[in-house]
Structures are given as C-alpha cells and as structure tokens.
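You will see chain A twice below: alongside chain B first, and alongside chain C after that.
Right, the complex of A and B next:
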C-alpha cells in the first residue's frame, strides 16, 4: 500500500499551478465570458502541450494513458485557477468513453473515433457530452468540436440546441438532439465515462474550494476593521478552520476514488460518489465562508472571487446531485462492497 | 498509488482477526467505570499482552512488536470490528507512553512501560484543575523541593478512570516566573501515596468515569520527574498531538461504527426517509475519509515506526501553509497558493495537524451516533436492551468536542498555525 502522491505527481501539480498562475486565468476567464475565447483557447492548447488533455487518452492514440490520480491533479489545478471550458467532459468523460469504444485493436474498429482521440490528446479538439437525465445538458456545446449524447447503452453524435446561460459567466448549457448512432451495446463504456466525469468534476470543485480558502485567508490578513485584521477575530478564524478541515478530508476520498477507478472502473461507484459528495460539500462551504469573510466586495462581479463562487454553483449540481450520490453510496454498501 | 494490502499486512490482519475471534468477550464486559468492570478490563489487557497485542506499535523490548503505523491501523480496525473492550489503560498507552519514548530516561521506560503494557499499572491524566481547563498554563497545583524529590500539593479534576487507576501524570508548578509556561514540571505519581485523596465524579451516564484528585504534600522521587524540572510545558505539548489525533481515536473505531450504522439503517431505516439516508451516507463517508487520511499519513516516508522512532516526515506543500496568507491580495486580485491543502497530507506540523483530525473525528462521532439514535426512534431512549450500545456511544461521543482540547481551541490553532491568521 502506498496511498500518497509520488514526487513526479507533486511536481506535475506544481508545474501546472505555475503555468496557470502565469497565464492569469481570471483575466482569461473574463474575456472568455465576454465572448472572446482567443486567449482561452490558446491556454487550452498550451495545457494540452503540458499533457493535460492527453491524460485520459490511451497511449495507443497518442495519449498518456495516465493514472486517474493524474487526472485528479490536473482537474484540481484547473478548478483552483477557475479555468473555463467543459473540463470534466473534454478531459475526462469523452476521452474515457471514446477510448473504450475504440477498443484495443489496431487499427481501430472506427477510425473516426481514433482520430478524435488523437485530436483530443493534442488539444485540437474540445468535446462535450450529455447523458440525460443524470447529465441533462451538454456544457459549452457551442465551442465544442465534438458533441455527444449518450442513452442507457448507446452513444450518438448530437446537435446542440441553443446554449442556455449558466450562473457561471461564459458557461452555457444545451439540450442536445441525437443524430448519427456512434455505438450501441455501450452501457459499460458510458458508465465508465460517467465515473471519470464525476471524478474530474469533484477534483475541479476541490480545487475551487482551495482557491476560495486562499482568497479568504489572504483577505482576512489584509482587511482591517476595529483596528485589527479581521483574521484575528475568532468568528472568522473558526469558519476558515472549518473550510480547511472539509477540504483536507475531501482530498483523500478523491484520491481513493482515483485508485478505485484504476483498479476496477465498474466497482468504483461507491468511492467515486463518496468523493463527489465530500468535495461538493467542501467547495460549497468554502464558497459560503469566503463570501462572508470578504463582505460586500466579495459580492461584486468585479472581484475575482465571483469566478469561483459561480464555478462552484455551476459544477456542483452537474454530474449527479448530492442526494443521488449519497443514495449510490448507500446502495453500494447495501450491496456489500 | 494504491490501497492494496501487502502480504505482511494481510497476514498480520489475519492473525489479529483470528485471535480476537477466539478471545474477545462474546458479550460486553461490565462498564469499565465500575470496580468489577475495571478489574475485568485490566485482566483483558493482560490477555492481550500475553499475545503481544496490547501495544503492537511499541518496540519489542517493552512488550510490543515494533509495528508500523499501518499495522497499528490494521490492528485497530480489527479490534473495533470485533467489538474489543474499551482500553482501560488508554491514557497511559496513548499519551504517556509516546511522551516517555520522546523524553523519558531509559530507566523510566524500562520501569514503567512493561507494566503499562500488561495493565498491571493503569495511568490517569491529571492536567485539569477546578480553575484550569482550556487555559492549561494557568495551573496552580504546586510541587515543592524535598529531600530526594518533590512534594505535590493541590487539586486536579476530571481525571478519567482515576477512581481505580494506579498512577497519575500531569503538570505541577515548580517555580513562578514572568512567563506562565516556564516553571511547570511533568510529574509521575502514585494514586496510592499518602496524601492522595481520590473523589469519584459521576458522569452524564451516572457512572464514576472521572474523579477529583486532592494532593497534600505527596512525595515524588526525582526519578519520577519526566524531563527536566521546569520543562514540563514543552514536554506535555510535544505529545499533545498524540492525545488529540490518530492514537486517541483510531479510524478503526469509526469504520466499525459506520458499518454498524449502515446495518442498522438497512434493518430499521424507512426507505422513504431520504434525509436520514443522507445522514447515514455522510457518516460512512466521514469515517472513510478519516481512515483514508490516516493511510496517507501511514504512507509518508518515515511513518514506519511511530511510537518508538519518530513521527512521519513533513509532506511537501505543508511547509508553506502559514506563509501563503501573508502574501496578501490586493482588492479584486487573488494570490493562489501552490499547495495550501496538504498534498497527500499529514506530517509537517504534527501538533497543529492533529487539530484537524480532532475536530473531524469528534464531530463525526457525534453525528454518527445521533443518526443511529434517530433511526432507533422511540427505542433510542432505552439505556438497556440490544440497541442500547448506541445510546452509550452517543453519551460518550458528547464529550469528544470537550476533552483533548475543546474544538474551539482546536479551530483557533488551525486558523493560526495552519492558515496563518493573526493572533
């Protein structure tokens, strides 16, 4: 047993952090929200150069075939920096789905699928997916080069309806209509894709929670009232402590879910859902506390805090509600796992 | 990165499981807080010790197996799953022993530890006083110099299991100085010495779970000073993390309770009551999180031997915790930290880190038992009968946020030492 990230993984996380910090993602996200996606797409491409888009793509299709923990690291950092775009969809769920559909034969049964995988890995393609009723909307379908819809056991190419605005500026949600059938008898592949999407979403939320705590602690040191930094007040301290506790005990669940997915994707439901529940709750607590600690300045659209506050509100309910995931944990436990 | 148990650990788990299946009492022993129960729990410690299972993490020379933190976690999982009896010697085993390993003399270790390991000597903690709770440095009980030792006088209180315990340990003032923390000395003393009076105090469940200890010029030889005179505060604080953290309340305890809660829910839960189902799921998730975080700690380099040979090495990322907040942020712009939340976790600042665990387990314990009582409906009130263990567990859990440093104190520690908030 070794339940700890390896040195290379820590380096990967730090390198990503540094890359994203240098890219000034909040500014990128604001331009993205205003409809100017040039910098965002350039950043997506340079993240792909760093390997981020290739993690869930098998080596056979020019990907990295990485351990799911690496995907967790990447998605957490993307959430930490409020990176816009269909992250869980394009980096986790769709490549996982296509990789299973492409199979292990060479050449692939469907050359198109192999091509998409190669493009995804290179950052040349952004993809999104809907799986009603659990995942009723395809996120950011307007900017995706590949839009899919899955049913109980089939996958189709899809045409997105008009994008509905999300609480997170710049993010859109579309009802999609299935067109050409891509695969049938694909229930296991769809399930696996869903698990990876949930994992990625949970990681994004944990990262966003960390950012919210970063912002709140920084503000609490710098903002003075009654002649003292507000961080010296116990009511503030204790709320921040609660956030740290929630985040600290969320991450091990996330990494255990990654380990479970690496071992046996079909048996990982319990751990994936546990991680999603804990990370969503932690991120929501972080959002609530960070806003309170900032006071009115945090309630403005101008302050960067709003990027994470709305991200948590947006990604939180995607990929299954808290109640759905809790019920799935219990069902798995009752089933004896 | 994996969670698979290797052969050595699996073999150890099997040995513990088998031994407990053959030896653990089939029905619960009488309460440890009664004369009869205390004796039976002491005898149980001797039985555990005979199988070298009472202190697996200690070095072999003192009755242990030099087990790693991981092995110890496994032992605890099995112990709680088998509903092993309360460890009557827990304060000695989990608080005094780590302190002796860190600060005791070889003579003290070889004199004290073997008897502690067999339950021959049960130790009680004597920190709190009538006027001294959270503000421990305000201790008033004193020790005066005497020929070849010290004379202890004063009053200690809330001392768990002191009614039937043999010996006590705690801080006494040996000098008055400008700084309150100076002049405190760590003493080990007999509860049977002339001058000691122990007065039982009934707890919420009516049993004498703790006691007041009155000391009137109780002689303690120099050999029973732990560390240097005047250095008691530093010594006590260095092992405070043990009392709060993993060793005091191991993950196995909550994993076992959560598993039983899920069983109870399957048996007694109303499937339509999704609010209660949510709470059951959350209790299980919390127990799992606590367990996994311990496994992270056990995976740190240096986590091998933990009672005898040092604490896990600092994890990367942790060291920057307090500095990050100081970086500050201008209005509207943010400064994100590279790794505020420990990347793969505990270590670095064991004492402050254990504060995270203390708040987490104590609230989890309460939530878990509260949920069980909710599931039991009207039967939750019953202090006897097949499900009364949940009520007892709940009453026990109620004290968790108070002892071992209240949760308010822990949250302050977390904010100041881990998040860099100003004092």
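Right, the complex of A and C next:
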C-alpha cells in the first residue's frame, strides 16, 4: 500500500497552483469582497473546466467520481490562494449529499437532483447548505443557485434570510428557512455530506496555513532589523519552524481522513474530526505567527495577508467547533471503534 | 491532420541557471526542470487546430529521461501521443545536430504540420524552425502570432516590430509560434488521468539509424569556449529632484531609446 500521493495527484495540484497563481486570486477576492463577482465567477467556471467542481460528483452524472484525496488536493490549493466562495459546501458537501439522494438507479429517482449534479459538475451551479446546529448558517447563499437546509434526517430546499457579515470580507452567512421537502429518512446521506464538508474545510485551512507561512517566511527574509533579516533571529525562525511542523503534522491526518472516507464513509468520523482539529490548529497558529512576524503591516487590510487571516477566522469555526470534533475523537476512542 | 509539436524541457527561468564546469554544457541538475514556456503555446495551437480540423497531435521531445515529466504535462494538456528521443550520446548536441536528429524523427513519424516555440528559454538560438524546414524540404513560417489553415494552404501572421506580415505556404510545413498566438490551457483532472494511458515511444539514436558518433558534444559544429556568470545587478542611479527631475527622467528614457 502506498501512502504518498501519486504523480498524477501532484501534477493536478501543480496545475491548479499554476492556474490560480496566473489568475491573481487576491485581486479577484478583493473585487469579490467589494461586490464585483464577475472575475470570481469566471474563475470558478474555469476551475470547473479543470475538473474541480466535478470531483465529488459521480461519473453517472457527468462528474469525475474522484477519490476524496483528490478533493483534498483541490481544496487545499483553493485555500492556498484564498479563493472566495462556498468551497466546502459547493464542491464537497452538497454534491456528496445529492449523489446519495440521486441513488444508483438509472434513470435517477429524482431527475431534478440529477440535473443539479450535472450543473454542479459543469460549474454552472453554485450550491450551499446549512445544517443547524452544527452548521447554523448557509455561507454565500446570496450567490448560490441552490440553497439547502438539512435536519436530523430530512433535506429541504431553503430560502435564505438576509446575509450576515462574516469576518472574511465578501463572505456572507445566512439563516435559512426550509421550504419544499426534498428527501426524508436521509440521515446517512446528510452525515456523509457533513463529513465531506469537514474534510474540504480542513483542506482549505491547511492550504491557507501554508500560504500564511509562505508570506511570513518571505517577509522574514526581506525585512531587516539591527542590520540582519529578521528571519535570522531565533525568536522569529523558531516560530516559523513550529508552524511548518504543525502544518506537516496536519497533512497526514487529512489524507488519512480522505482514505477513511473512501473506504467507509460511515466509519470515518474519528479520522475526519482528527484532521479538522489538526488543520484548524495549524492554520490558526500560522495566522498568529504570520501576523506577528509581519508586524504592523500585517494588520492592514491593504496587505494580502489579511485575506488568509480572515479566511482562517471564518472557516475555522465552520463545520463544527474544535471542542465538538475533539469530543468526537474521544468518543470514538473510548467506544473502542 | 497529423500535427507534430516539438517540446523541450528546460531549466526553470526563475531558478539560478548555470553551465557545467567539466564540458561547458547546461547543468540540468542545478535547476528545476520545466517545459519550455513557448512550447506550451505551440501545444495549445496544435490542439486548437486539431479541434477545428480533426487529426491528432504528437509530441516529439529530445532530452534526458527526466523530460518524461514535461512530456506527461503535454499529454495532460490533450496531446494524443509522444515520441521521446533519449540517449546519452545526444548530450551536448548543438542546434545543427538537434535539427538533424529531429528531422529523422519527423521523417519517420510523418507530418502535415510541425509546430514549435520560436525559441527555448535556455539556449535561445531561435534557429531550429529554419534548420528543420531546410532539412525536411518544406516551407518555414516563423514567429507566428496567428495560424489559419484551409485545405492544404496555410497562412500565418508573422509578428514584426511594425505589426505583422502575412506569410503563406502549403502543407506540409514548419511553423514556429510566439506567445501572442494564444493562451495555453491548464491540464485538467480528466486530462491528467487520461495521459496515464497515452502511448510514449522512447527512441535511441540507433533506433533512428543515426551513428552515435555523429551526434553529441564532439560532433557539434558550435562549441562553448568560455562563459562567465552574469555580473551582479548594478545599483540604480538616484536622482534628487531639484526641480529638474522630469527632465532627468526624460533624458534617461531617451538614452534607452524609449522616447
């Protein structure tokens, strides 16, 4: 059994990195935050052409039916470039949910669901979801063509209330009201969708953490104080090394969670939660250290660092708090599973 | 239409590039290897032409074993198959020798159109298209910023300082492209997975019926005799504005022929 990413997976990550670097995502994110989403939506569409939006959609519905590890790679790269939008929702949770609801029969039990899956894969549809109380708000519901709300075992089409401002500029959070019932007796499907959302969010955070470390390291080499680059002082470099260690320890847990989800979505709770805890902690450490290393410039909205700092603040608590995920790991360990 | 795109793996322009002290050839281990940037445009043009006119795109690359990574990338972008000429004997070949080897490959593979980047970012000779056309006895249409094909007629816009010339020819032909021609696509997930199954033929010099003594550093007509590292960047000139800053800036621009 091989525990490293395949050459093709590394190539996929590299291709996405090149594409996002060329697209100048920080500028796109700033326009997005200012209410101009044209470039952001065009980028979303071209990412869909690269396959990003089709990873979690089964091949039956024009998707790629990719391995969860491929989804991790994509979401990490999106976080690495601070790509705005409901990433964990639209790329992971909703397609996973709809794929289970659509079933394996041909034609689909619900042709409408099959249609949404096809649109999601093509990048023509952006979707979001709320699952109170764990996921109380639907992110970016204003720009989503499909808004869902899930309960313990039901899924409804939802109408978003007014968007509340998030700490991340351009991101909105909506309390949603359930309308038409889409499915009931769907507890397993909802649980699986949640796990995929957690996985994608954790990957996004790990990518953001990596970007924060890149920024801080670059700054530490350029900025001089007392005649030397500040990165040459132990007080700075040890902090940066600690961030790298935290990120490097998060990645294996993330990939292990992806493998666990592929093998047995129902039994992956422990691994998914462990990954979320480690990646969120690592990203938060990266954010704190990057802010400190940058000094006062890091506090300014004009510096791109702010895009990742606020992304980590916003996505960190989504998809279950650290306390909730730690409790789930504990319960799994104590239960002997 | 049978399109062959020539692709070269080069050291990354952004990394520190150097020559080997032993034989003054490129030190390929000193820098990250990437696909020559202009070749991405050549591949993109080949793909667009086959999408419009049918046919397939074959990648031909000459280089060490490591070049397979760049060949994979070309196949992920959508090329159909590849030929990789890899042989220790080729080490240090100059443009003349390279063109002789590639001409053999092209004669063997057959082609309606050969597309290549107008130069590589490492050697920057920019002569390969002309040499190949001469060796193959077909028209050369170089520095293309636009390619139109109608039956067996081909017309390009050749980029020039004053705009462009229209150059016409008949197929088969050799076309070199500039970066204005298109915007290369990024490999998609599907493309990357599909590339795994695409055929890559690896050839040695002997497979092409070439005498190993006729290629490589010793057989090359050109030789790097001496080289020096690029001097460190000189400090800029600081102009204090005593009311004549604008004039001084204009003088500087005029001295560089910008105005």
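Keep in mind that, in the parts below, the second predicted complex is superposed on the first by the 337 of 337 C-alpha atoms of A that agree within 3 Å, B and C clash if a C-alpha of one lies under 4 Å from a C-alpha of the other, contacts with A are read in each partner's own complex, and residues count from 1 in each chain.
Heads up, the rule we're going with is that a contact is a pair of C-beta atoms (placed from the backbone, for glycine too) under 8 Å apart; a residue touches a chain by one contact, two chains touch by 3 or more.
Quick caveat: nothing in here was measured; it's all calculated off a predicted structure.
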{"item": "Clash or fit, chain B versus chain C on superposed chain A", "value": "fit"}
{"item": "Partner chain(s) touched by A:122 [first = chain B, second = chain C, both, neither]", "value": "neither"}
{"item": "Chain A as apex of chain B and chain C, Cα-centre angle in degrees (nearest 10)", "value": "80"}
{"item": "First, second, both or neither for A:134, with chain B first and chain C second", "value": "neither"}
{"item": "Partner chain in contact with A:157 - chain B first, chain C second, else both or neither", "value": "neither"}
{"item": "Chain touching more of chain A, residue-wise (chain B, chain C)", "value": "B"}
{"item": "First, second, both or neither for A:175, with chain B first and chain C second", "value": "neither"}
{"item": "Which superposed partner A:232 touches (first chain B, second chain C, both, neither)", "value": "first"}
{"item": "Nearest-approach distance, in Å, of chain C Cα atoms to those of chain B in the combined model", "value": "8"}
{"item": "Chain A residues contacted in one complex by chain B, in the other by chain C", "value": "18"}
{"item": "Sites on chain A touched by chain B in the complex", "value": "1-6, 9-10, 13-14, 17-18, 21, 26, 67, 69, 80-81, 206, 210-211, 213-215, 217-222, 228-229, 231-232, 234, 236-238, 240-242, 244-245, 247-253, 255-256, 258-259, 262-263, 274, 277-278, 297, 302-305, 322-323, 326-327, 329-330, 333-334"}
{"item": "Sites on chain C touched by chain A in the complex", "value": "72-73, 76, 186-190, 192-193, 195-196"}
{"item": "List of chain B residues in touch with chain A within their complex", "value": "1-6, 9, 70, 262, 265-266, 274, 277-278, 280-282, 284-286, 288-290, 292-293, 295-296, 298-300, 315-317, 324-329, 331-345, 356, 359-360, 408, 410-412, 414-416, 418-423"}
{"item": "Residue numbers on chain A that touch chain C, as the complex places them", "value": "7-8, 11-12, 15-16, 18-19, 49-52, 54-55, 64, 66, 70"}
